[in-house]
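I've put the structures underneath this note.
Next come two complexes built around subunit A: one with subunit B, the other with subunit C.
And then the complex of A and B:
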C-alpha cells in the first residue's frame, strides 16, 4: 500500500458529512477536467459515493424535498481517493478521508455500539494523523434560531461539547514536536445555507450574518484549537458550501422532543423543477488539501537538497521508515514512488515517461492548490 | 419451532438512545461483523455464514414505513443465528436478494407486527420485549415467497451477478450446502463492489470460501471462479523487495539524483 495523505470530517449525525464528501469529489472532478490528471476513487469508495449521489438525486425527484431523506452512515468509511495520471495509474497522490456515523461522537452512545470503543479509537487515530479537519456546520440551525429557547438549543443540536473535544485532541496532536512542521488546516464548512446566498440561484442576502454567527458559535472551538497549538499555526478556512444548491429552506420548526429539549425540523422546497444538485464552493476543500501537500513538498525538498552533500541512502531509508505525513511526503519526493513504478524491469525510456507523468501529477496538484477560492470562501487565519 | 429472529431497528425520537439496536434480545455473537466492510449495511444485503453457533443469516436494509423525528426513513435488520435445521427457510430468506417486492413485503409485515408506538415504548423500557425474536420468526413464513429451485453450486469461491439465473440458483444451492455442513465460509450479496477484482479482495480478506452475488455488477453476470491467491486484483502485485533493493540500489541513487535535479530546476 502506498502511504496516503489523511483528512477527516468532524460533526454530529445528520449535519451533512457524507453529503459534503460527495460534493467535494464531484467538484474536484470538474476542476481537473482536461489536465491529464483525474480524481480516481477505489471501487468501494466509488460505490459508496454513487449510492449517496443516487439517494440525493432521489430526494430531488420527490415532490416534497425531505431534508433528512438520506440514510445515515452506519459504519466507519475510509474514502480512498487519488489524484492520478490518466496515462498511468501507478503515478498518483493518494488521500484517505475518514467518514463515520456522527453519533459516535457521543461517548454514551458508543457504549451501546458493539465494539464501539475500539472502532472510535481507530477513527481518533486517523483524525489525529490528519492534516485537514473538516467541520461541517448546519447553517440552518444557526440562522433560524431566533428566540432565547431556540438559541439555547443550538449547542445541544450541534453537539458543541463533543465536537470541541475531538478538535482539541486534533490540535494538541498537531502541536507535538514531531508534527510541528506539518501543515494543519481546519475548515469550517456551513452547509444547508442555500437560503442565505444570492450567488447560486437564490436571493438571500445573509452571507454576512452567517459569517457572524459561525464566528460567534464556533469561536470557543477556535479558541480551544489555537490554545492547544502553542508551537505552531493552524490555518483556518471558512467555506460555506452548497451540496444541493437547488433547494431552499421555507420554514423551520422547533418542536419539543420527548426528552423535553427543543428539536429542529426544516422544510425545504426545490427551486424551479431542478433535479440535479448545483454544488457550490466545495472545490475549495480539495484546493486547501492540495495546498497542504504542496507546502509539505517544499519543506521536504529543502531537506532532501540539504542532505545532498551528505548521505542519500540513509535519508531515503529513514524516510521510508517514517510514518505519518513526512513519511508520505518523503515517499513521493525522494523518488521512491517513481522507483516502485519503475522497478519491474522497465526500459530507460519507460522510466523517463514515468518521471514525466509524475511531474504532470505534481503540476496538477500545484495547479489545484493555486486555484482561486470561490468568493464565498475566506481564510480566517 | 423456528430459531429466534433477532430484530434491529430504531425508534422515532431523535435522541441517541432510540438509535439502531436489537429489540428484546441481542444475538450472542456478531458473527457477521467480518463481512460488513464488503457490503453496504444501509442498503439491501444478505449474508449467510457458518460460524461457531451454527449457520446464520443476516438481512439488512429492510424498509419500514416509519420515519424518525427528523424524517429519515427507518430500516430493519434481521439476524437468525442458526438455520441448520431449516434449510428451506434459509433458501427463502436468501431469495430475497433478487426481490425488491419481497423486501417491501417483509418490511410491511414487520411494521404490522410491531407498530411504531410499540417499538418506541420497548426502547424506552415501558413495554416488555422478550417475545420479539419469537414473534419475528413466526411472521417470517407469511412474509416470504415459497422456496425456488436450486442449481449447481461450483466448488470453492465464485462470484456471479443477480441477473444471471444460474448464479441465483447456485447461490441458493450454496446456502443450502452451508446449512448441511457441506460447504465452508460465506455466501453474501454485495452492492459495495461490482467487479471480479472487488470479489477477489473480499475473498482474500475473509480467508474462507465465498459465494458472492453482485447486486449491481460491472460487466458480466455469469458465474466466475475466484481462484485463491491470484486474480485480476493482484496482477499489479510487486515482486519481493529484497533482490530488488540489492539490484537496484545503484540505479535508484542515480534516479533520485535525476529527480531531485528535475525538481530543483522546476522549483
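And then the complex of A and C:
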C-alpha cells in the first residue's frame, strides 16, 4: 500500500469534526475543478461522507435544528482521500486523516470502549505522525458564553485539558530530531461561525470578537505547543469555517446536566429558503495540507541531490521503513511511485504518460498549496 | 410713734434693702456649689481617661467634697442672713418647756384667749404652734393644711426615724394599714431608748387610730377659722375624750393676725416655739429651726413652781440650743430668761434667780442672759416689765445682731472664696503643665482622621464593587431575571405573538390578500415584534433600580450614619441631603458636594443603558435584513411566514437576552467607575483636605456627639476641666457691690 500523508482532527464530542471533514472535501473538490485532478475517497470514506451529507440535508430541510442532534462519531475513522489523476487512478497523492470519537479524549470514557486502549494507541501513533493537527472549535460555545457560570463551563465543554494534552504530545513528537525538518501545522478551526460573520450571507459583526476569544481561550494550548517545539517552528493557522453556511444560531441554552455541570444546546435556523450548504474557508485546510507536501518536496529534492554524494538512497530507505513523512515524500520524489505506477510491460509511451500524469498531480498539489487563503484565515505564527 | 418703734421700723426697712444683695450672693454661691459638682465630675472624667501623664498630675487628691462642705457652710450662713433680712416683722419667740407659762404669756401679749392659745396647768394642751402677728386692722386665723404626702413626709417620717420603723408610708391608706408594734418592748431599740421613746409610739398609734378625724383635711388648702372655733384645730383633745378629734394633725401652719393690746411696735410677731421635752420626734431640731428661721429674739420662759425652781439640765439644754441658734449674734442680744413669778413664793423666784446667776451667767458682771422677772398672767405687767424692755433692747440690739450675722456670713464667704480660688489656681497651674492641642490642632487632627477613616471605608466599599465587577462575579439574581424575561419573550413568540399561531396565520392570510403581497404584512409584523420585545425586556428596570439603590446605600454606609443619617426617602435622599448640607454649611464644601452629586447622577435604567446596545440584536427584525421568503397568499404561506418571523424573533430575543446578560458586568463597571471617581474627588482631590477641615468644623456636633477616644478623649476632658476651673474662678470674683451692700 502506498504511504499517505497524515493529519489528525483533535476535538471534543459533537464539535463537528465529521462535518468539517465533509466541508473540506467539498471545498477541495471545487478548488480542483478543471485541473484534471480530482479528490477521491476510498469506499469507506465515501460511505461516511454520504451518510453525513444526508443527515445534514435532513437537518436543513427541517428549517430549524439542534446541531447536537446529528449523530456523533461513535468509532474512530480514517478518512483516506487522495488527490488523483482523472485519467489514472493509480497516480495519486494520498492523505490519511484520522477522525476519532471526541469522547475518546476522556480517559474515563475510553475505559468503557471495547479494546479502547489499543485503538487509542493507534490513534496516538497517527496523531504523532501527523504533519497537521486540526483543532475544530465550537465557536458558538465560545461566543454565547456571557455569564460567569457559562464561561466557567467552556473548558469542560471544549475539553481543554484533554485537547491540550494531545496537542502537547503531538508538538513534542514534532520536536524530535527525526521530525525537525518535517512540516508541522496546527490549524485552529472555529466551526458554526455563520452568525458571527457577514461574508457568507449573514449580518454578523463579531469576527473580531471571535478571533479575540479563540486567542484568549486557546492561548494556553498554543503556549504549550510552542513550549514543546523548542527545536523548530510550528505553523499555526486560524481558520474560522462555515460548514453549513446557510444556517444561523437562533438560540442557545445552558441546561444543568445530570452531573451538575452546565451543558450547551444550540438551535439553528435556516437562512431564507436555502437547503444546501454554503461552505466557507474549509479549503484552507487542504491548502495548508498541500503546503506541507510541497514544502516536503522541496526539502526532499535537496536531499536527493545530496544523496548522490552521501548515499541518499540508503537514507531514504531507512525513512521509508519507518513510514514517516520523509518515507512518504521519498516514495514520491525518488520516482518509486512512478515506477510502481508504470507497471511492468508498459510501453515507453505509456510510462511517459504516467510520468506526465504524476507531474499533473504534483502541479495540482502545488496549485492548491499556492491558493490564497480565504480572507477569514490568518496565519498566527 | 415712739423712738423704739421708729428705730425698729428703720431696722426692718434696712433689712428689706439688703434683701436683693443677699439673694444675689446666695445665687452666686449656689452657682459655685454647682461648679464644684461639675469640678468633681470633670476631675473624675480626667481620671477615667486612663492617661498616664494625667494620672501623674494627682488631680484625684483634690478633696472636692470638703470644698463643697465649705460652700454649704457659707450657704447656711447666708440662709441665716436671708431668713433675718427677709422678715417683714420683728419676731419674738417664746420658748421654754411645757407648763411654764408660755401660752399664758402669749395670751397676755396678744389679748387672745384660751380658744386661740390653749393653756392649761396639767397635761400639755398646745398641739399646733401658732405664729401671731400684730395688726391694727386685721383679725383672722389662717390655717394651711397638710397634703397626705406632706403629712407622711413631715410628720410620720419623724416618728419612723426616731422609732426606727423604716421608711414612712406614702399615703394615709398605707399608714392606716401599717402594722406598728403594739408595745414599746417590740421596738427594735435598746431598752433605755424603748423607755424614752415609748410615749412617742403611743402617740403614733393614737394618730393611726384616729385618722378618720383628720384625713379629710389633708388637702393642702388654706382655711380661715373663726377665732371661736380655733381651739379644736390647735389644742390636744381632752384625755378623757372617748373619740378624740385629732384634726390638729392636719394643720401644717397656723398664722393668727390680731391687734395686740399692748403693742407699741407695728411690725411685731410672736412665735410660739415648740416646747422642749415634749414627746414629739426631733423636738430639738424643730426647736432650733424655729429659732434660726423665725425669730429675732427669744424669751425663754421659766416658772419656778415646786420642784421646777431649779435650773436643771433640761433648762440648760434649751439655752444651749438658743446659743446655737444665735449664731454670730451676741447671745445676750438674742435671748433673755423670763422668770414667770406670778402666784409663786418669793423664795422660789429667788432660788431660781440664784441658780441662773450661778449656773447660767456664772456671776459675770455683764450677764450673758438678761433675766426678767414678771407675772406673765398680767398683761399690764407683761407690757411694762417684759415687752417694753425687750423692744427697747431690740431697738439697739437688732442692728448689732444683723451686722454680726451678715459680717459672719461675709467673712466665711471671703475665706471660702479665697480657699477655692487658691485651689482653682493650683489646679490650673498644674494643668498648664499638660500640653494639650489647641482647638485648631484638634480640628486639623479630626479633619485628618475623618479623611483617613473615610478613605478606609470608601475603599472597602470600592473593594466590594470591584469584587462585583470581576469577571468571575456571578450576579445570579440578575441572570435569573434575564433568563425569566427571555423565557417569557420566547413563550410569547412561540405562542403566536400573544394571539395564537392559528389566529396570526389567519390574519396574515387576510392581510396578504388585501395587500396582494406578503411584504407589507411582514414589515408591519417585524416592526411590532421588535417593539414588543424591546418593551418586554424593559421589565429589567426594577433590578437595575435596585442595583443603583444598593450602590447608594453602600456609599451612605461607607460615609457613616453620623454624616449621612437615614432619610425617609432612602439612601439617595440621605446623600442628596448631605450634598445640600455640604453646600449650605457656614463654610461650604463645594468639591465634596459635587462628588456626592456626581454619584447621585449615576443612571442604570433600561432605556438609557441597555436598549441602545440591544438595538443591534433587534435590528435582525428590520425588514431590510429579514430576507422574507416569497410565499403564497394562503395558510401554508402564512405558516412559512410565521416560521420565518418567529425564528427571527427568537434569534433577536436571544441576542437581546445576551445583551442583558452582559449588563451585570457593565453595570458593575459603571458603578465602580462612579465610585472611583467619587473617591478621587471626595478623598484625594487637591481641595479635599481643605474641605474636610470645613466638614469637620461644620459637622462637628453631628460627627462627634461624644468625645472620641484615646488622646482626643483625654484632651477634651482636660479642656473641660480647664473650662470648669475658669468658670469657677470667674464665679469667685467679688461682686461689684461687695462692701457697699453691707
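FYI, the second predicted complex is superposed on the first by the 365 of 381 C-alpha atoms of A that agree within 3 Å, B and C clash if a C-alpha of one lies under 4 Å from a C-alpha of the other, contacts with A are read in each partner's own complex, and residues count from 1 in each chain.
Everything below uses one rule, namely that a residue touches a chain if its C-beta (ideal position, glycine included) is under 8 Å from a C-beta of that chain, and two chains touch if they have at least 3 such contacts.
Just so it is clear, the structure is predicted and the values come from calculations on it, not from any experiment.
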{"item": "Fit or clash between subunit C and subunit B when superposed on subunit A", "value": "fit"}
{"item": "Which of subunit B and subunit C A:144 touches, first, second, both or neither", "value": "second"}
{"item": "Partner chain(s) touched by A:256 [first = subunit B, second = subunit C, both, neither]", "value": "neither"}
{"item": "Contacts of A:44 with subunit B and subunit C, given as first, second, both or neither", "value": "first"}
{"item": "Partner chain in contact with A:118 - subunit B first, subunit C second, else both or neither", "value": "neither"}
{"item": "Touching partner for A:212 - first (subunit B), second (subunit C), both, neither", "value": "neither"}
{"item": "Touch count on subunit A, higher of subunit B and subunit C", "value": "B"}
{"item": "First (subunit B), second (subunit C), both or neither touched by A:180", "value": "neither"}
{"item": "Partner chain in contact with A:269 - subunit B first, subunit C second, else both or neither", "value": "second"}
{"item": "Least C-alpha distance (whole Å) that remains between subunit C and subunit B when both complexes are overlaid", "value": "18"}
{"item": "Subunit B and subunit C footprints on subunit A, overlapping residues", "value": "none"}
{"item": "Touching residues on subunit C, where the partner in the complex is subunit A", "value": "471-474, 479, 490, 616, 619-620, 625, 627, 629, 643, 647-648, 650-651, 654, 658, 661-662, 664"}
{"item": "Subunit C partner contacts - residues on subunit A that touch it in the complex", "value": "63-64, 144, 146-149, 151, 203, 205, 248-252, 267, 269, 271-273"}
{"item": "Touching residues (chain side subunit B, partner subunit A) in the complex", "value": "13-17, 19-21, 30, 33, 36-37, 40-43, 68-73, 75, 191-195, 197-198, 216, 236, 238-239, 244, 248-249, 252-253, 255-260, 262-264, 266-267"}
{"item": "Touch list for subunit A against partner subunit B, complex", "value": "14, 43-44, 47-48, 51, 66-75, 90, 103, 106, 108-109, 112, 114-115, 255, 257-259, 263, 265, 301, 304-305, 308, 312-313, 316, 333-335, 338-340, 342-344, 351, 355, 358-359"}
